[in-house]
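In the two complexes below, chain A is the common chain; its partner is chain B in one and chain C in the other.
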Partner chain A sequence: MIYKILLALWMALIIVASFFYSEAAGGFPGETSRILFFHVPQAWIATLSFLLSMIGSAIYLKKRTVDADHFALSAAELGFLFCVLATVTGSIFAKATWGSFWNWDPRETSIVILLMIYGAYFALRSALADPDKKRLFSAAYSILAFATVPFLVFVVPRITTSLHPEDTMNPASPGMDPRTLKVFLGSLLAYTTLFVWMLRLKIRLLRVEDKRDREDL
Partner chain B sequence: MKRGRSITQTESSTYLNEALAIWVRDLRSEFRTRYAVNAIIMFAVTTLVAVSFSIGSFRIADDEKSFLYAVLLWIILVFSALSGLSRSFVKEQEAGTIDTLKLSARPQAVFLGKLFFNLTLLASLELIIVPVFVLLMRYPIAHPVPFVANVVIAGLGLGAGTTIVAAMIAQASTRGALFSALSFPLLLPLMIMAIKGCEQASVRLGPVGWAEVRMAFAYLVIMVIVSLFLFPLIWEE
Partner chain C sequence: MKAGLGFVMAVNLIIWCGIAFYLFVLDRKISKLEKDR
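Here is the complex of A and B:
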């Protein structure tokens, strides 16, 4: 309980700090660079949960424990949510800086493919009636989809050059303002903690649903 | 009466022998019904006629042709393939022969046999559609060898990426739509490479598309290896 209150206070602090403490980065129209504090952690969570879902699937294929499948499904559902959020915020930023909501920038292409993989994963799950088959096939599909990711990383950037901001907005580069960096890392921490909390909640929910289904039978 | 090639598992039978036996058996049953090949080729011809009729061979400027025609060609090929390739496993499910097949051959051999069959279907699709497309649309191809290599290798990748998905959706309730929905995200990188490769092969200047052939080949190898690992898990369920 105390963690949730701390998290709520921390998130409130980050939201305030992202608008009042840090300064808007140069080279971007108006205040648009502040999207960094929300969009980048969302994209990070979307990628992280895709990876976690794949790991959960691999564990399920190896050990066939229901818990591993719950983990994979929860990570996939949360990943889909954060992927949609990252797509929407990114699209708004694209309109503000590049002048169009969508122009198939490499980043936009790869996030759409990620969304389609998640969508296909859920479609496969809903199409299979038998629970064991559902778990096994969706785990196999998850691994299969993950095998194509390296091609996206190599292939997509080759097509067109990206307009996605890298240097001034990348925390690893020395060009970032120290205040911005502080708020950004704080936001990353807040999003990751929120994600872990939501993930545990989702896994517990699935476990309860599973138990209810078994008692019904 | 002569017996067909037996697919029973013996001491001496190798994976390749079993796979070839399944391939021959599938080809024979396909020659009798012609279900998959009719569906795929009629779908492709219909799309090709629609594209050719509505665009014609003069509407697109010559310098735009190499890119736009590569896109149109690959949209026709990918979606025609998606319309029929799931038959390879769905027909076993519908005919009730799937359990016999499980008993009579090892899973990897079943996968390879079905993969060979799907690749045969894709080869006949490409053999008919690509020349007709090039002639109907007056596709100017500057470097025919890398162009053909792109079409062939990406076609093989198309088969490798979809065969295991066909095995999965054969046991699901909504088969047709699900097959396209599951396959498309897996095929998208391949499709992007193939379009890029065909575009480069048809332009006189610049790289001719061998890099894309190599990438498509890597995709093919990875998908076959991952499928060989995953297929036994799906098949024996």
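Here is the complex of A and C:
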């Protein structure tokens, strides 16, 4: 319970700090770069979730435990949610920076393809009635789906000309303002803890539902 | 203070408070369901 209260306070502190402690990054109109304190951690959590979903699916294929399937499904759902959030915040940033919410930039196009790939994962799950088949096919699909993630997230935007800035929130980039770095790392920590909390909630909920379904039979 | 920055921060804080409240309520409800079962 303590970590949840600390997270609530920490995230509130990060929100205040991202507006009043750090400086706006140069090269962007006005204060628009501040959205990156939220956009980049959301994209990081989406990628992490899809990776965890793939790991959960691989464990399911090996051990055939329901818990592994619950873990894979929960991670995929959260990955999808954070991917949508990263797309929305990215669009707001695009409007302020490039003048349009959507530009079919390689980064934007690849994230839409990623959302469609994981949307198909949920469609596959809902299309199969038999629980064992559902778990087996979705686990196999999740592993295949993750194979596209490094390509769509890291490769495509880098081998093509993109409007998307690469080094604005890269802690390894030289000359990053120390205050900006502190807030950015704090935001990453807050989002990662929030993700852990949400993932555990979702897994617990699936366990309760699963238990209820088995009792009802 | 830059014009409008305080307003955007306040909106963000309100959204976060809503999300945190929802998660706390959900956490309690799931705990109750776990105890009931």
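Definition applied: the second predicted complex is superposed on the first by the 204 of 217 C-alpha atoms of A that agree within 3 Å, B and C clash if a C-alpha of one lies under 4 Å from a C-alpha of the other, contacts with A are read in each partner's own complex, and residues count from 1 in each chain.
Operating definition for what follows: a contact is a pair of C-beta atoms (placed from the backbone, for glycine too) under 8 Å apart; a residue touches a chain by one contact, two chains touch by 3 or more.
Everything numeric in this text was worked out from a predicted model, so none of it was measured.
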Determine, for the superposed model, which of the two partners chain B and chain C contacts more residues of chain A.
-> B
Give one of first, second, both or neither to describe whether A:52 is in contact with chain B, with chain C, with both, or with none.
-> neither
First, second, both or neither for A:208, with chain B first and chain C second | second
Does chain B (first) or chain C (second) touch A:183, or do both, or does neither?
-> neither
Touching A:75, do we find chain B (first), chain C (second), both, or neither?
-> neither
Quick one: classify A:12 as touching chain B (first), chain C (second), both or neither.
-> second
Return first, second, both or neither, reflecting whether A:116 touches chain B, chain C, both chains, or no partner chain.
-> first
So, in the complex, the side of chain A touching chain B is made of residues 61, 113, 116-117, 119-120, 123-124, 127-129, 132-133, 136-137, 140-141, 143-145, 147-148, 150-152, 154-156, 158-159
Contact residues on chain C for chain A in the complex?
-> 1-2, 5-6, 8-9, 12-13, 16-17, 20, 23-24, 26-27, 30, 33-34, 37
Contact footprint of chain A on chain B as seen in their complex | 161, 164-165, 168-169, 171-174, 178, 181-182, 184-186, 188-190, 192-193, 196, 215, 218-219, 222-223, 226-227, 230, 233-234, 237
Would you tell me which residues of chain A are touching chain C in their complex?
-> 4, 7-8, 11-12, 15-16, 19-20, 31, 197-198, 201, 204-205, 207-208, 211-212, 215
